[in-house]
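Here the structure is laid out as structure tokens; the discussion comes afterwards.
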Amino acid sequence: MNELDQIQDWLTEVVDISRVFASQGEVAAYIPELLKAPHDTLGICIISPDGQTISAGDVDFELTLQSISKVFTLILALMDLGEAHVFSKVGKEPTGDDFNSMLKLELVEPGIPFNPLINAGAIVISALIQGQSPQHKSERILNFFRLISGNATLEVDEEVFMSEAAHAHRNRSLAYFLKDNGVLTDQDDVEEILEIYFRHCSIKVTCSDMARMALVLANEGVDPASGESLIPRRYVQIAKTFMITCGMYNASGEFAIGVGLPAKSGVSGGILTLVPGKYGIGIVGPALNSKGNSVAGVHLIELLSRRQKWSMF
Amino acid sequence: MNELDQIQDWLTEVVDISRVFASQGEVAAYIPELLKAPHDTLGICIISPDGQTISAGDVDFELTLQSISKVFTLILALMDLGEAHVFSKVGKEPTGDDFNSMLKLELVEPGIPFNPLINAGAIVISALIQGQSPQHKSERILNFFRLISGNATLEVDEEVFMSEAAHAHRNRSLAYFLKDNGVLTDQDDVEEILEIYFRHCSIKVTCSDMARMALVLANEGVDPASGESLIPRRYVQIAKTFMITCGMYNASGEFAIGVGLPAKSGVSGGILTLVPGKYGIGIVGPALNSKGNSVAGVHLIELLSRRQKWSMF
Amino acid sequence: MNELDQIQDWLTEVVDISRVFASQGEVAAYIPELLKAPHDTLGICIISPDGQTISAGDVDFELTLQSISKVFTLILALMDLGEAHVFSKVGKEPTGDDFNSMLKLELVEPGIPFNPLINAGAIVISALIQGQSPQHKSERILNFFRLISGNATLEVDEEVFMSEAAHAHRNRSLAYFLKDNGVLTDQDDVEEILEIYFRHCSIKVTCSDMARMALVLANEGVDPASGESLIPRRYVQIAKTFMITCGMYNASGEFAIGVGLPAKSGVSGGILTLVPGKYGIGIVGPALNSKGNSVAGVHLIELLSRRQKWSMF
Amino acid sequence: MNELDQIQDWLTEVVDISRVFASQGEVAAYIPELLKAPHDTLGICIISPDGQTISAGDVDFELTLQSISKVFTLILALMDLGEAHVFSKVGKEPTGDDFNSMLKLELVEPGIPFNPLINAGAIVISALIQGQSPQHKSERILNFFRLISGNATLEVDEEVFMSEAAHAHRNRSLAYFLKDNGVLTDQDDVEEILEIYFRHCSIKVTCSDMARMALVLANEGVDPASGESLIPRRYVQIAKTFMITCGMYNASGEFAIGVGLPAKSGVSGGILTLVPGKYGIGIVGPALNSKGNSVAGVHLIELLSRRQKWSMF
């Protein structure tokens, strides 16, 4: 009886315990998909490299990746352009600020975003993705996400993509600020970049898809099924490091101490996390705490990590 | 021999003395008109209500109003909508920040611009100008400026207007930030508002036009020629107060102590100032100090104000 | 029947109308004197150069000057050391910040306080007052205040002075920050400077004393009784300018537009203001608004200034 | 031939290569010990749990721990008071700011320091150390450091401690700011706390002492010699997490991506780092880069970590 077998036995119970914390949170009201499901939706899926999968709760719930997508567009940009180029455009430092703050952009020279996981940084990353047209770039991202998830049917949720547009002003403001600073260039068309950005934020997944994407990171970039290397090991390392230092907005430090796993959350309530060398994990739980992370989801993964001693530290 | 006669005698000398300070400043490189003239261009025109006019230096030099226009669009917005409406959208407080800082917008609740003379505030004012179309709004502004200056030939400098567009990203960023905060509404089209804003910044004048515009403020809103009230007295009062507290960017306090007159400067090197009840004054001097004010122009008006004891304080 | 005679007729009525606004405010709880009087205490005294005095409301109420004292220590420092020295240590610009913010100190080079009326600036001014010992410096300040007020019985309220000490940590923090930046020097003893500072904040007055102090400023530094010049005219000018741009904390701009008179407020609920060339005015009203100014007092002076057209603008 | 044997062969060469980078840095001028040695001092010591030790360069160079001590006072405070108490006083989040910034303290509610490794946080931690007197608290800290380092002769460098006092104003300012916010209480005497703080910053070590201290962390709190548990495993985990997210000032993110090891640096040029489960490492190299970390030391550990694939990620 391996570790996953043992977890399976009480996973439903842990989900039920954690689910009650959802009542402390708020669902992001601007995302239409989230209003269709109960407020206390909670689901988890864990996959090991040999394909063993356990799950509990609302595993069929579909949600869009939102900020979770930023990890994989960063990887794609690194694969397109290399470390030196990418890190001339975004920094490597955590901030203590809200994910969409402009304050830090103003205070810090030379004005590049602190890291690729805050909105300003992720917009810059979207501008770095290569392709002959905005459509081509968006296709390349979607195909990369399909490859990593092993799910060739991933699609952009057009309804969510549309509702992002209604909340785009802050990101548009960030983008023009970046253009003023020269981080985005004269050639970069803000509306095209924002469309690329909102499209990859709106890719729809289940927690099983997220678990599979996380598994590739847990497995050092190698597709566990085919044995093929999908992501260079170094870029997996970079991604995991950012997930520890900046993955959970300005609760990243707290998460690192409480859970100790690389993770990235999204405003739709998803958490993509992993136990290095062992498992990929996807969690859905749309009710968010004040920092923008799934209340019940954080509780669930903390219980699991503490019990299984999964912390990297 | 009245005061202006006395000043006339040594005005050319004071201009020549002040002109040497231009070498300490920099001309705003993005404004094409400014590159056509010598770096040490300096001119002044002073008009009294009875029409007496004295001048010295480069009085024929044409420049665009830039930020100086903000005083008069504020007045027009007040005349269109009244105090209560206008000041629900912009504050009344000086800041210590650069004119285009977003920092303060983020830190202060409820997120309205500090005052109507910083860029963010002036963009909001542009959005408040009434009219059936953006073109109509721009026409209303131009006509108002023609009325106040008594110069029916005032026009937008289309070349300058175009070059503003190449430097619009920061203002675009500010505008979308204001839209995100709800200060600009869903009905406000950012590009249309920025066009209105850049157009009034690009109205071309001479120092004589500025002196005439200032004279209306010095004369409590009354056209000295016709005796007609062009601006309600209360709005003149509001304008003059902002010119003291916020008119010279983040050197307003220093100017108030050194010169003590209501004034507004622009990045093209203009200073529009006035001696309440006595004179309207226009100054041109494109070389700017680090705060964005005309180096030689500030020196010139300080010499005059000190000698003539013009300070309001 | 002169202007003061006319005002006298309805002054009590205006005080009564304004008094009801006190219920919107809060009394500074740490100042013991203020807890002894009704929450809606309100009084005003107006003095003209020829000695005519009118008053209404709680004119015998005693309060400490608090921040109002900063205007006169600035003047004394200017008289001790001159403009060049003083303004190498404090700036001349209004801020949009709270009076005791350290934020701006950090952001602005070279790190001197924005102006002498914010706490950091006033602490620096206290350090500039000349004297052979801290006691001597405090005596010189007290004697100067007695001279300006024409009241040789002014004293420090020792009970208030003591309670300031219990709220000194923020000011102590500011002072050490200034020392770290070199604005205060190695020779400056923080505790001695804070004692000087708290002592002059704790000088006890009535609104009649404040009116008399303001009258000297209204009268360009000349004692209206003796005709003697107590303050050089230039330093009066500087003081009045700061009172317009920075005198009412971060509601100075609003006050300039609504009232248009040089003024300084204190956390004890005092407002010292003046009609240049005409009157000195003292107001007491301990209930404060969110900006730290007397709610009823601001209402009262705004009614008066509007009706009498006293605005400088 | 184990890993350390292999490293030993080229360690001197790597030190020599890295040493040349020292010329890009600056030595902290206020620490007297550092002025006695060459600018390009560089040394490293690596210890494994079985006692094997390798070293190269200036291994006998003595330096004070400075900020490195913060890791161990945090651990001692956790052992004294537990997680819940300690983290009610300091947060868990990295900032993007300078180590001694007050900016973030002002902006963030409820005003507790972001984490225990910035100066404000470490001062709070010093105030939490238990003891009957300041002297007793300092003794407890010194004894704890002796225990962890296995070196009973560790002492405070009194000369360095004295020179800290000459640079204490910023920390004093921070401490009073914390007291104003209530993070430090009325019972906390700022001068006593600062003495405790400066004393533990001034404990003198060699790189071998640091390696031995790091080894206890690498070994999950267990003394490798005696097998005794010196630190509860959970507190080691917390310490290592902070070392990843906040250990290298505002270059922590860059270090995590480039090196990938828990580490803490000090202004004296020390770096204490570790390979979890394997080695404790101490590095000395006083010339600092603009972020406050040893230039040559960072280069050295990055070369080692890359070659040996030591990154945790």
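Side notes on the structure shown:
We just call them A, B, C and D in the order they show up, numbering each chain from 1.
Note that in this section a contact is a pair of C-beta atoms (placed from the backbone, for glycine too) under 8 Å apart; a residue touches a chain by one contact, two chains touch by 3 or more.
All values reported here derive from a predicted model rather than from experimental measurement.
Between the contact lists of chain C and chain D, the overlap is empty. Comparing mean CA positions across the assembly, the chain most remote from chain D is B.
If you average the CA atoms of chain B and of chain D, the two centres end up 55 Å from each other. Centre-to-centre separation of chain A and chain B, using mean CA positions: 48 Å. Distance between chain centres (mean CA atoms), chain B to chain C: 32 Å. For chain B, residues touching at least two other chains, in rising order: 107. If you sketch which chains touch which, the chains form one closed loop in which each chain touches exactly two neighbours. Against chain D, the residues of chain A that register as touching in their complex are 91-97, 104, 108, 114-115, 237-238, 240-242, 244-246, 250-254, 256-257, 260, 262, 276, 311-313. The residues of chain D lying in touch with chain C in their complex are 101-103, 106-107, 169-170, 172-177, 179-180.
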